[in-house]
Every structure is written in structure tokens, then in C-alpha cells.
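The data blocks that follow each hold one structure.
Each of the next two complexes has chain A plus one more chain, namely chain B in the first and chain C in the second.
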Partner chain A sequence: MRPGSTTVRWRMAFLTDRLTLAVAVLVALVLGMPLLKPLFAAAFPALDRPLYEADSFLALTLDHLALVGLSSLMAVVAGCAAGVFVTRPSGAEFRGILEAVATMGQTFPPVAVLAVAVPVMGFGPKPALIALTLYALLPIVENTVAGLEGVPEAVLESARGLGMGPVERLFRVELPLAAPVILAGVRTAVVINVGTAAIASTVGAKTLGLPIIVGLNGSNQAYVIQGAVIVAALAVVLDFGFDRLAALSVRWRRG
Partner chain B sequence: MPHRTILHNRVALLLAAAIAAAALTLPFLGFAPNRLLSGRPVALWAALEGAALEGAADWLVLLPGAVVLAVPFLRPGRLVSVAYVAAGVLFAVGLVWLAGEQAARLAANAAPAARTSFGAGFWVMEAAALLAAMDGVRRLGLASAWRIAVGAVAAGLIGVMLASGRLDQLSILKEYANQRDVFAAAVVRHAVLVAAALVPTLLVGVPLGVLAQRVPRVRRAVFPVLNVVQTVPSIALFGLLLAPLSVLANALPGLGIAGVGPVPAVIALTFYSLLPIVRNTVEGLDGVPSAVREAARGMGMTKRQIFLKVEVPLALPVFLSGLRITLVQAVGLAAVAALIGAGGLGAIMFQGLFANALDLVLLGAVPVIVLAVAVDAALKLAVSIIGRRAA
Partner chain C sequence: MITFERVTKRFEPWTAVDGVSLTVEAGEFCVLIGPSGSGKSTLMKMVNRLIVPDEGTIRVGGEDIAMLRPEDLRRRMGYVIQNVGLFPHWTVERNIATVPTLLGWPKARVRDRVSDLLDLLKLDARRFRDAYPHQLSGGQQQRVGVARALAAEPAILLMDEPFSALDPITRGALQAEMTAIHKATGTTIVFVTHDMDEALKLANRIAVLDHGRLIQFGPPLEILHRPANDTVRDLIGREDWGLKLLAVETVGQRVRPDVEKVPGAPLPIDAPLRQAIAEMVARGTDRLPVVDARGRPAGVLHLSDVVRS
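And now, the complex of A and B:
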């Protein structure tokens, strides 16, 4: 095989890749929405303002991502730490109650958790951040415990045989083997948080939900569509991205 | 290690520490002149002091709390675990009762608009008490039906207090008193939305699942689509349905279709509900061992008989857990649907958020959570009963 053809094929694969396409669509929507103003004006002739211009879509997208990213990051750190703790002998006693909380908590609708955070913490991005973090913790904790629990005893035994200490075993054997399962939990958390962050604009956080809420309250369908399309594209991009990460984590696991 | 002999339950110790810290440092209640102002804090000891001045026996609430504090140091055993569960439940219920009593005392010397609402200390202690009950139930090693029964007892006791009117001076119930008719209609609407989405979901989802299980090509086509739908945030799907449905409504005015209201909500809920139903129908049928199918065929059963008498009963528990996921999810999504004018409990919740009326937020949000947990428990109970019968 000539090296040139591989490069070309790789380039073609990159161009037709669904993640690349989804990212391209998202970027085009975020940056190019103002160009569609005539289109929205034609589709909704009754509207005085056919384009949401109070904030730039780029700023809203970045704020949205910051809220989702920060809450997910805090949840990953705390959730993995809790999952590791309860699968060690010293924390085994807490495992049952932690799992029970994680299971039960996931039956609480995210929108209700978000709403309940407001009377406790007031309006603004803070209750949204706390509610999203708490909600994201549940699937991450659940999957961290399941992933670490799924590491075969024989593998741990041979790691011990190789002279690995508990810390080395955790970072070089257990966590790499559990990574795909943990990642699946992070994916669940992030996908839920993208949606909840959009609703968080009703509690005073500035996110991509804002054009939707403003549009629904003011009967401006164009605003609603502009916000909804970008939120949907963002969710799909993140979902496809996690697909890619999952494939990579399996490869990492194989070493 | 010496602590092993003294300390027998570190989970209870952590919960007891949380209860003690919350009781001493966080406000138990908030007392405000009206519903829009934020309140001044009322500590737990202030509530107990108020009761003592009137000679009321509210301090009894502390007894189950003391049991929870003692459990870490008691030698583990069945009796201790039973006491632990009972103490957790009674403390959780007692805190609500104490809050109601103190609210009544505060209301006696205040203007009618005054509000007494739960403070952070109440929430922390309530959560810790319920977790203690859960931990105790787990330590007893009871079957899931018993776990649900313990939850039902706690819910029942709080229900009795609600019905007795002892809690009427709490802000959330004052809000309820103002909104009685709205609230009842919202609960009905919420249930109707969920049920209305369930009908098309089952009519489409079950046959689709059965087909997908038999035909690999259908399976490969269906799941990527349903997965992407599930990924799209609910608020975005509601928004995206708005435009095509309004166009349709303008084109066909006679059909009662509209871009906002309950119809698009039910359509969106159906899209979300399909994935768990189809997935669990397929997984349930996949789980039927081929040896069982062979045996049924050997007994001379027809294809139809094998499906109805062998495959369906064996796939039922997995299917029902899909139904549980669908319903719990739909209860939450129906709350979001209030944003597009579908009504339901979400309408009360968002009205409260937009008007900065926090009691109204709770009046909408708390029943949504209760409804989701109740649906979850009811279907888990059904699965465990059917599972036992099948075994």
C-alpha cells in the first residue's frame, strides 16, 4: 500500500466522520445564526425581532459549556473519589448506602432537583452549578463502583504477585480496567446536564436555554428555534464525542 | 485496632454527626413577614424552647434522634437494626411534625401573610434521618418489598399529619391552600400527560421491539435513531416541535393540533418513552433461553403459543423495568413540558420561579419528586412480585 493513499483515505474518513460533521454543524450554527436572520424574518413575518440578539450565541454556548463542564468535572472528581473509597476495605461499610442513594437519587427528575435548589440557595448560576453537580454525581458514583467491582479478582491477584502496592494497583490496573464503565457514567451525567443546564436559564443562569425561555414567554418562535437547534446540536456533538472517547478508552485498556 | 470494639456503625456515626451539626449550626426554619421576603432563621433549640414554654411535649422528637446518635456505639444485631430503622423513620416524621407545630406557634402571634418555611437545617436532618432508615433496612437484609413498605409507612405518617391539618401553617401548605383547585387540576393534568404518552408508546414500542428482536436489520436501524432522540435535551425537542406543529395547525385548523399545549408535549414524551420500551422489549425477549424455546417447540406448541405462553411471561420482568424507566422519566419530562404550556405540576413550579415565589416552586417540585419516587417504587414492587411468581 502506498503511503499517500492511506493519508487520502484517512482524510476522507475524517471528512465523512459523524463527529466531525456534527462539530461542523454546531460551529456553523453558533457563528452563522445571524446570517439566517432574513430566513427567520421570512418564516415569521409577524415578528419584529426575528433573531435573538440580546446575547451572542457564542457567549451563551461558552457559558453553557462552562456550566456543564465545571459541574461534570466536580462530579467526576468527587464521584470517582467516593467510588474508590467504598471499594477499599476501609470504606466498604459505606458502599451500600452510597449505592442506595445513587439509585434513588436518579429517580428524582433533574428539573425538580434544579427547582428545589433555588429555595435553598437563591437564584443565579450557583444553585444551577450545585444541582447539576449533585445530579451528575449519581451515575458517576454508580458506574465507578460497578467498574471497579468488575475488575476480576485474578487480575488483582497477579498485580499483587508482581509486587504492586495498593496505590499502584489502583492507578495502573483497576482504574484503567474500569475506565470504559466510568466513562459511560460520565456520558450519562453530561448528556443529562446539557439538558438541565438549558432549563437552568429559568433559575437565572445564562445558558442556551435563555433564547428558548425568552421566546416561549414572549411568543417568539424564532428565538425558540434558534436556541433549540443549538442546544440539540451541542448535545449530539457531546454524545458522539463520548462515543469516540469510549472507543479510545477500550484501546487504552488493552494497553 | 481499639476503635473496632467501640465503633460498630460508621455510616450511622456520619449521619449522627450531620444531624448534630445541622441541629446546632443551621437554621431549622425560616420565618418571613410575607411570601416574597426572605425569612429570619429559627434554630432547632428555639423551636423546642417555644414548645417547652407552652408545656408541649415536642422534645419527644429528640428521642429517635438520640437513638440514631447511639446506634454507632451499640453492638450490631437484629434488634439494634430494627431500632435504627424505626428511629430514622420516626425522626424524619417527627421533624416535619415539629416544623408544623412551631409554624403554628409563630403564626399565632403574626400577621396572616407571615410564612414559616423549612430551613437548611431541616433539610439536612431530614435527609440524614431518611438515610439512617435506609441504612438500617439494608443492614437487616430485607427484600425490596419490605424496603418499599418502610418507605410507605414514613409517607403514610406524613400523609396523616397533612390530612390532620397539623402542618397547615407551613408555607408550602399555605401556598397549597391558596392554590387548592389549581393544584388538584395540575396533578390530574400531570398524570394525564404521562398516561397519554404511554398509550402510543406501548402501541408502537412493543411491536417495534418484537420486530427488532426478530429482524437484525430493523434492530440496526431503530436504535441509533432512538438513541439520538434520547440525547436531545427535552427543552430543545419541545422547541423543535413547535415550528412544524404550528405550521400543521395553521394548515389543518380542524384537528386541534397546536405548537404549544398538551399535544406537542405528548408527542415529545412519546419520542423519549420509546427507547426504554423498545430496548427492554428486545432485551427481555433476548433473555429467553433458546433451550426453553426448543423445549416448547418439542412439546408441539405453535409459534403463537410459544410467544404468548413462553416468551412473553419470561420477558415480562425486563419489560416492566423498561416501563418503570419510561414512566419515571416521563414524570420529570412532563414537568419541563409546562414551559410549552402543557400544564401539570411543572406549571406551578415555573410560575413560582418566574415570580420569585419560592413556596410555589416547592409546591410544584416536591410533588413531582414524590410522584416519580412513588411510580418507581410501585413498579419495582410489581417486578419483584412477578419475578417471585415466575421463579
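And now, the complex of A and C:
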């Protein structure tokens, strides 16, 4: 085998990889949407403005991502911490309450949460952030608890018996073994939030939902399509990305 | 080495261990045996404080273990359980290195120690060092479990039914390994089992538990010859008491120091009588020549001497 060939093959694999392709499509859509203006003009001849131009799609996408990223991050930190806490002996009694609260958070439709948050926090990204965080909490808490409970009893007993302290057990054994399940919860939360963040533009958060809302209000189907396509591409990219992470978190199973 | 002083543990309303006093000497291979639920695991887990006694004191090397930090105590003892409990996300090497790593040994020393242990447990380093537990058979996994427990050269090894889940052949091989390791390292071993054959084969002394009480504590022959009560008799098995005795007693205890010449391959003097009987049946004879550890003639074993009590 020639020395360069593995690199070449690796590059080929990278180029044909579905995550790379999805990212390429997303980037092309975000940056190249203005180029499609003639296409939208032809498809919707009745419209004066066939392209959403009030904000750049790049700015909307970045804001959308920031909202999803920040809310998911807060949910991961709070959800994992809560999940770890209620699976320790000292926190066991709070487990029922936590699960009830998290389930309730998820029973409210996102629009209702947004509607309640607005009078309290005013318009803007803040109520959206709160709503999305609450929304992401349930799958993360649920999966953290399930993941930690799934660690085999014999593994925990030998960890204790060999002299690992509670912190060592948590970080070296329990969390790594629970990681695939926790990650699945985070994935669910993030993918839901990408969609919900679009609705958040109704309360004044600038997201990819903005062209959709504006388009729906003004009967501009082109705006709706432009926003929706990018939201969809974004969801696909994140989903594929989590696939990759999931494979990494269980590498030892194939090893 | 390990002293239990009137140790009691209750799981209300049940008394799992009831006023047990017992001393395991340094270097001893002590087997705890008893019916299911008799308190064997509970008694053993109190040694490394996985369970804390309600009453009584446990001393290890003279120190009251209630005074020690549990993690420090446990890192000085090996612990092996029936379900092995290897860390599935770590390689064999990293599993074995668990305690040395916790103790902060230098990397090179850990690596050398892992190599020695793979040898000791007859695991091919090239094949297994970087393997993950799910790639190993049950027997191989338990070998790694034993290696992991021995890694930091503990003075005490605690084993809770370590071989119960293995097939008879694998179990036999691991039992032989344990006897060899015990001889080679002088580690004090406390070993839980419910299999009397295993206990007789491995133990210097056997402690019989029933309903949380210590019924009898003595060497295998004493247990066989003077069972303290019916529970002990049941554990031995009334039908094959004689066969168990043959497995424990050795040729040396029955050999006649004759100078008489007997043909055929000689038996080693430390072979169990069971092996002698098997040889006699196979060869169709009632006498066999015996040699000592250095291969010099040590006399003759007669069938009539084997069956005489």
C-alpha cells in the first residue's frame, strides 16, 4: 500500500460521508438562498417580493442555533445534574418529584409555555430560552436516570469493592456507561428544540421561524418555504451529528 | 489476620449474621460454606465494609476496620464476585490496572504488573491485553477478575462464589489456579462457596454457617470426620461422604513403608486417595508403588489400607 493512499481514501470517505453532505447542503442553502430568487419569482409570479430579505439567512441561522445551543446546554447541565442527584442515596427521595415536574414541563405545548413566559419576561429571546430549556429537560432527565440505572449491579459492586470513591465511580464508571443513553436524550431534546425554536419567533426571538411567520401572515408562500427548508436541513445536520457522537460513545462495544 | 469478635448484622427483622467470632490466620485459605441465605456474603462483605456490622468488631492485622477510610481499606484487599463485574468500557489491561491506578503507581510499574498477572492467570498477553470484556469467555472474564483483584498485591483476597457460574471444567482449572496462586503468594484468602467439593479441595480451614451462626470451623478432615450437626452432614452429602474423604485424604496417610517391589508407574505421595482408587481400578490391581516428592520409592499402597477406617 502506498503511503499516501490511506489519506486519500480517508478524504474520499469524508467527502461522501452523509454528515459532510448534509452540512454542505445546509451551508449552500443558508448562503445561496438569494441566488434562488429567480426560481422563487418564477414559481410564485403573484408575489412582489419572492425572497425574504429583511434579515440575512446567515444571521437568522446563527441566532436560531444560538438559541437551540444555549437552551440545550442549560438543559443538559441542569438535567444531568438532577438525574445524577436523584440516583444518589442522598437524593433518592426527590426522584418522584423531579420526574413529575419534568413530565409536566413536557405536557404543555410549547406555544403555551411561550405564551405564559411572555407576560412574565416580556418579548424577545429570553422567554424563548426559558421555554426551550424547560422543554429539553424531560428527555435529558429521563435518559440520565435510565442510563445510570442501567449500569449493571455487578459493575457497581466491584467498583465499590475495589476501593473507588463515589466521585470516581460516577465519572469513571457510571457516566461513561450511561453516556449512550444520555446522549440519546440530548439528541431528542435538540431535535425537538430546532423545531420549537422556529415557533419562538412569535414572541420576538429572531430565528428561522421569522420568515415562516411573516410569510404565513402575509400569504407569502415563498418566505414560508425558505424558512422551513433551512430549519429542516438544520435538523438533519444535527441528527446526523448526534449519530456520529453516539457511535463514538460506544466505540468499546465494537473494539 | 482477620478477626471477627461477636459480629452481628441484622436486616430487620432478619438476623443475617448472628454473633460470629472467628479468626482467619495470615496466609490461610479459609472457605465459608453454608446453605443459601446463611449469611456467607454478608459476613464477607463486612471485611471490606461493603456492609457495616450492627454489633461487634472486625480487625484486620490488629486494626479495627471501623477506624479506616473504606476506600483505603478496600484498596488493600482484592475482591472477586460471582458476576465478575468487569468494567465493560475498559480494556483488560485497564481493568486489571484499576487499583494500582487508584493508588497512583507509575505507568511503567502498572504495565509490568499487568504483564505478570496475565502470565499468572494464563492469559495470552498479545491476545487479551487490549481486548474488551465482551470479547472474552466467562472463564477468561473471571481470570481477569482475579487478576484485577490481585493487582496491587493485596494481603487479603475476598472471593464470593467466584466460580459458581462456570462450567465444571473451567471451574476445576480455576480452582487449581487458586491453589497455585495461594501457594505462590501466601495471600490470605476468604472464599465463599456453597459447593462442599470446592471447599474441601481449596480450604485450609472451612467455616460452616447456618442461619447466620458459625456452626463449625476446622480443617477439611475434621469437618468430614466430626460434622458438628445435621446441617454440616447435609452439606457434605450423606451418600458420598466416603468419596469426599477419598478426595481429601492423601496417599501418604495410608502408605505402607514396605520395601516390596510392585510393578507399574508409581503414585506421588501427595496424590488424593481418589486418584489411587481410580488407578487401581484402571490397572486391575490392589497395590500400587508410591514415590515421595523427589521421586524416591516411599512404599506401597494397598487397597485394604485405603478402605480401613
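Methods note: the second predicted complex is superposed on the first by the 241 of 255 C-alpha atoms of A that agree within 3 Å, B and C clash if a C-alpha of one lies under 4 Å from a C-alpha of the other, contacts with A are read in each partner's own complex, and residues count from 1 in each chain.
Everything below uses one rule, namely that a contact is a pair of C-beta atoms (placed from the backbone, for glycine too) under 8 Å apart; a residue touches a chain by one contact, two chains touch by 3 or more.
Everything quoted here is computed from the prediction, not taken from an experiment.
S.K.: Given the touch rule stated above, what does A:107 touch, chain B (first), chain C (second), both, or neither?
M.R.: first
S.K.: Between chain B (first) and chain C (second), which, if any, makes contact with A:162: first, second, both or neither?
M.R.: Second partner only, chain C.
S.K.: Now for A:252: first (chain B), second (chain C), both, or neither, which partner does it touch?
M.R.: A:252 sits against chain C, while chain B stays out of touch.
S.K.: Classify the contacts of A:123 with the two partner chains as first (chain B alone), second (chain C alone), both, or neither.
M.R.: It touches chain B, and chain C stays clear.
S.K.: Tell me the contact category for A:88 with respect to chain B and chain C: first, second, both or neither.
M.R.: In the superposed model, A:88 contacts neither chain B nor chain C.
S.K.: Considering only the touch criterion stated at the top, classify A:18 as touching first (chain B), second (chain C), both, or neither.
M.R.: Once the two structures are laid over each other on A, A:18 reaches no partner at all.
S.K.: Which of the residues in chain C come into contact with chain A in the complex?
M.R.: Checking each residue of chain C against chain A gives 48, 50, 70-75, 79, 81, 83-91, 98-99, 102, 131-132, 134-135, 145, 148-149, 158.
S.K.: Could you pull out which chain B residues touch chain A in their complex?
M.R.: Residues 9-11, 14, 117, 120, 123, 131, 134-135, 138, 227-228, 231-240, 242-243, 246, 259-260, 328, 331-333, 335-336, 339-340, 346, 349-350, 352-354, 356, 358-359, 361-362, 364-366, 368-369, 372-373, 376 of chain B touch chain A in their complex.
S.K.: Which positions of chain A touch chain B when the two form their complex?
M.R.: Touch residues, chain A against chain B: 43, 93-94, 96-97, 100-101, 104, 107-113, 115-116, 118-120, 123, 191, 194-196, 198-199, 202-203, 209, 212-213, 215-217, 221, 224-225, 227-229, 231-232, 235-236, 239.
S.K.: In the complex of these two chains, what residues of chain A are touching chain C?
M.R.: 152-165, 168, 173, 176-177, 252-253, 255
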